[in-house]
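The data blocks that follow each hold one structure.
Shared between the two complexes below is chain A, which has chain B as its partner in the first and chain C in the second.
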Partner chain A sequence: MSMIPQLLFTGLGIGSIYALVALGFVLIYRATNVVNFAQGDFSMIGAFIMVVLAIDLGVPYWIAVIVAVVTMAAFGILFNYGVYYPLRHRTFLPVVISTIGASILLQNGVLAAYGPHPQSLPPMLPFPGFTVGGVFLDSQYLLILVVTFALVALQYLFFERTMLGKKLQATSQDKEMASLLGIPVALMIGITFAYSAVLGGVAGILVAPLLFVSINMGSTIALKAFAASIIGGFGDVTGAIVGGLALGVVETFGAAYISVPYKDGFAFLVLFLFLMVRPQGVFGEKVAEKA
Partner chain B sequence: MALLELDGVTAGYTAVDALNGISLRVEDGEIVTLLGANGAGKTTTLRTISGLMKPRSGSIRFMGQEIAGASANAIVRLGLSHVPEGRRIFPGLTVRENILLGSSNRGRVPRAELDRDLEAAFGIFPDILKFADSPGWTLSGGQQQMVAVARGLMARPKLLMLDEPSLGLAPIIVQQVFRTIADIRARGTTVLLVEQNAHMALSIADRGYVLETGRLIVEGPPATLLDNEEVRAAYLGGRVTAE
Partner chain C sequence: MTTNATLSHPAPATSRGAIAGGIVLAVIAVALAALPQIMPLSGYVLNMLMQAVTYTVAVLGLTVVLGYTGQLSLAQAAFFGIGAYAVALGTVDYGLGFWLSMALGLVASAAAGAVLGLTSLRIGGHYLAMVTIAFQQIVTLVLVNSIEFTHGPDGVSGIARPNLPGVSLTNGRAYLTFCIVVLYAVALGVWYLRRTRLGRAMQAVRDNELAAGVVGVHTYRTKVVAFTISAVLGGLGGALFASGFSYISPDQFSFAESVVFLTMALIGGVQSAFGTALGTGLLILLPEWLRFLKEIYLAIYGLSVILIMVFMPEGIWGLLERIARGGGAKPAAALVTPRPFRLEIASDGPAEFLETRGLAKHFGGLRAVDGVDLTVRRGTVHALIGPNGSGKTTLLNVLSGLYKPTAGSVTLAGRDITRLAPHERCAAGVGRTFQNIRLFRSLSILDNVLVGAQRPGAPARGEAQLRERAYEALGFVGLADKASELVGSLPYGHQRLVEIARALAGQPALLLLDEPAAGLNPTEKQDLVGLLRRLKGHGLTIFLIDHDMAMVERIADHITVLNFGKRIAEGSPRDVLRQPAVIAAYLGEVPTHGAA
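Our next item is the complex of A and B:
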């Protein structure tokens, strides 16, 4: 009887990772109208920074986490200036190609530095978890759920309660009007990239102890996260979170009840069904030009 | 010294200039209107002044300072606010948030001061107070226009440029908008008004310019423009005599 809550717990845990990466996709998409194909690599870079700090340099684990998060924010700004900013007045296509190029560069850069062998990181908490009512709550999954919930709550407060949050929203809704009001649009987009890189990095750091840290770990996560954001309604913040969580749950139940080898396939089956039946996603509106 | 002075400004989107050597001035405290047919270059003139477009040549001075080629951000910080055509309300933000963002050019402003300015804005446009917490997209065209002007005023501009504030509004609302523009000037803000509705614009303006395919063809006080045969034929139609 404890099977269903157990699967739900695991599914929501892995779904949280997809949700964090999907949020990164959506925030950058809303600010720049471009899908960042290197979003998954933010997770990979975050995990590798942890390997460098915690394993190679022996920095205490939690200090390493803080340094990694700050480094990811700086990396996001650097990414903005290297990949997006020079092409900001162009159409979406050169920017998309630029992000694909960045993804290839990042993966091969890490490959050159670390070789093809996957690295591993220990669990982040010093205890394995609890058993509650026959359900084993793994500490790493618990941590993922708690951190994701806290990040989403903080993000909500930031966007809804602060002037800077409002300026970021204004920038994503109408850049030209924002600049006419004196909102520094380029800075707002820089902040968006920094935050999206942190979201991706945190997802990578959190999931690293569950998977191996490898150069293409980001691609798999990003593909699922991308599917999640389409299921939720592309461009919608709530949709990205709900889509991510739902995909994690579907995948986990599919693996348990239908087939483990086809685990990765369930996400795309759901995506396929949505594209057929409700292409605008759960929270999306039908695409229509407004007068 | 004029508040705003354009001298031989050319600008364009393509190889062809949309503005062909525009020279005009706006004195402190005036309402100046820029008239002309669709495509004459009225909107382009405003976009060039506010920094959305870079002029190809010529000079634009605001309070004696050269601003040609400066960024839109830098220009609005000097106190030159542009309320563009189509109102451009942020659809996903509330009316209050839209108006508050109008103060972005002023740097850090104490919350109490912002609240006072917001109150003053709602004082000028009492009709939108009840929509303060509604998202921008739910408002009617006339209400959005009021929000757009209120947002422009939050910049505490020395010069407020309005592009077609009457476009798409019901006649009764148009009168209300023009009364408000006169009121704004009475409170000390200079206004540069672009309009298709020449009669309404000239009824509140001190001076007017008429643009024709990127050139200014006539300049003068409303009476002069209303008497000008060329202007009457082209922009005012036969209704002058009918009224």
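Our next item is the complex of A and C:
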């Protein structure tokens, strides 16, 4: 039976996408204490930039990828100044609502500019894939797994080994102390948004050849990524990755063995179960507000 | 929760402007309700009014959950859909009749709301928002895919309208009038809710959840109740909507609609029932006026949400209120002489009022409180001192239930309270104040103190007694004449007093004060000493942290000194402050640990 390893492979591929978006959630949450509801739309924007560059303008594919990633970084900074920065001294609720507003604006802005028809992108690699032991390894899924692994490894080295990474960590742990130590907190938060936008954008670019590029592709991915980060333990980087991968696998198996139309529901069922039984997630610790 | 509406004290803040505003509103309301009966309305206008009225019922749910309680729900369209489909399927497929179908829809909405709330509101913050989005997606999936039950994407048509005894509502104009009457009842209820115990508890949770728990609000239950009310109002709006339009389909109850509901509440002013109605009306009429924007109107919605949050967080109604308040006279102070303050404290029971044994609180490797034995005797003023970082506030947080201890026990008057939640400790007689003042900032001084007075198990019952009790506590700290002012406008010293009054109104037997003198000027400190002495005279046991040794020496009967989470000295002020270990701890002559 090659069914199970096949589903596992597919599940891990999709799960990697959730993991990347979940990482974006977690990094912004740690820096600002706010969940960015437009995180999924970063993926949508990334995918649409690819459509514009590679399909409409005919830019060579890999150059388009590089330009799209750089554009996403700039977009993250712009997002920070438009949506988060003016509200940074308020409680979390106005900021959350503002990111929801941004999400609606982005989706409908793209809708107005590009119309409601889903676009498609060709696979990124010139060969379909390999068959190993009866399991077909699709090249796009392989690429997703490799890129996700590389990004996670790079991110680990960046946060643990570089000065900028440590400054970002310091900012997320204690903004006041960080700013007393001369760390430019506002800039650090800007960088976090840029990086999270890149993560989201990369996820969108990678997943685009598998799905249609549509204005609401981001919402579904983001919801599942958020569910993944709660399952992993909200605010925890490892939790986001493990939760994302696990959710991808659960969903793929659910679709194969239980029901296809309700495929998108499994993630939320798992989420409800976790909230009832272990709300702090697999890796999370309970945290109390300081009195 | 019942409220007794008989007021012995005049309700504060009823200025002439508010009465005039009320009259204007009443006239508009009656005119609107009569409109369908008097004026010939085209089908188009009738439909628009029907939509505005049924939507407003649903959006008023958001006023309760988001405006009053500060919890973000993004599934209002799902609840709207549950109510609508209950009426649609009930009347069309199962022949249950409108009223029974609607009742089933409301029960289903309430059940779904309660379950979602129970799972996601235990942990605060973003969980409700995300879980409601997830729920919204599941509802949409079911509506579209479960074709044999819901008719799938085609929707349900031919939904019947109800009849009242003797009155047929099948006619569109009659049905609209019926919906308007329901809307008025709901709006009035939501408006009145704010002035009840439950409503105050909701607002306390919104303004400062931590402090709400400490003054006796069962925060988790309050949030779940608020969310359930909101779900039921969503269902009610949906039920009315389905009958109004006689045809429904899944896309009317999608996530995008939830967002539209949210925007309606925010634009009008989510903290007020009137604001909600205003916002809903505006956003239903606006797209008609702005037809040229049809293609991008949702993008404009999104942009306006951001702009409202940045420039107008209280919405249009909030802005109008602020203008009215700024232009008009200040709310008149209630001309009442409060009765003298009383505390009813049982004088029997052990003399060791509060006891801790081996109490410890560790944060990872940090032993903030490390095995503390403490005995606070009944009716004394007991001070806890120690250098910065010695674990004093952590100890107080463990005592008031904000932190679960790592080890050890806490007993109050012989009763083990180690495992009790903050609001249960409050009910057991523990009151406290915070080092960094935690008041309910958008409420008046009186309302702040009322939240304290209404703690579970307090002797004050009914609105009249609660008010009396609150005025007594305010009179005791000397702020009765400022009762109707907003706490945000008070000077710092007065804010501290409001916090003390809030704790006192709940009739505590033990008062925990975290640095009550911090930031006070010498005169205010003098007054505070007098206040604490009078409280001691009432038989209250006081446990306080402070750094002002002169003050501590003057009022404390007993002092415990803490350093590095451990008790290092204990005794009368005169003895303790002369002990070498204490002097060393304060002057830093201990082996150099640096600043702890």
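Methods note: the second predicted complex is superposed on the first by the 288 of 291 C-alpha atoms of A that agree within 3 Å, B and C clash if a C-alpha of one lies under 4 Å from a C-alpha of the other, contacts with A are read in each partner's own complex, and residues count from 1 in each chain.
In the analysis below, a contact is a pair of C-beta atoms (placed from the backbone, for glycine too) under 8 Å apart; a residue touches a chain by one contact, two chains touch by 3 or more.
Remember, predicted model here, so these are calculated numbers, not experimental data.
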Overlay on chain A: chain C relative to chain B, clash or fit: clash
Which of chain B and chain C A:Q169 touches, first, second, both or neither: first
Which superposed partner A:D264 touches (first chain B, second chain C, both, neither): second
Chain B versus chain C as contact partner of A:P94, first or second or both or neither: second
Comparison of chain B and chain C by chain A residues contacted: C
First (chain B), second (chain C), both or neither touched by A:I230: second
Contacts of A:M177 with chain B and chain C, given as first, second, both or neither: first
Chain C-contacting residues of chain A that also contact chain B: none
Residues of chain C defined as touching chain A within the complex: 70, 72, 74, 119-120, 122-123, 125-127, 129-131, 133-135, 137-138, 141, 145, 210, 255, 259, 262, 266, 295-296, 298-299, 301-306, 309-310, 313, 393, 396-397, 400, 402-403, 434-435, 438, 514
Chain C-touching residues of chain A, taken from the complex the two chains share: 35, 37, 82-83, 86-87, 90, 92-98, 100-109, 111-112, 219-220, 223, 226-227, 230, 261-262, 264-265, 267-268, 271-272, 275-276, 279-280, 288-289, 291
Residues on chain A engaged by chain B in the complex (per definition of touch): 163, 166-167, 169-170, 173-174, 176-185, 290
Residues of chain B defined as touching chain A within the complex: 50, 52, 71-73, 76-77, 81-82, 84, 88, 90-93, 97, 100-102, 104-106, 151, 155
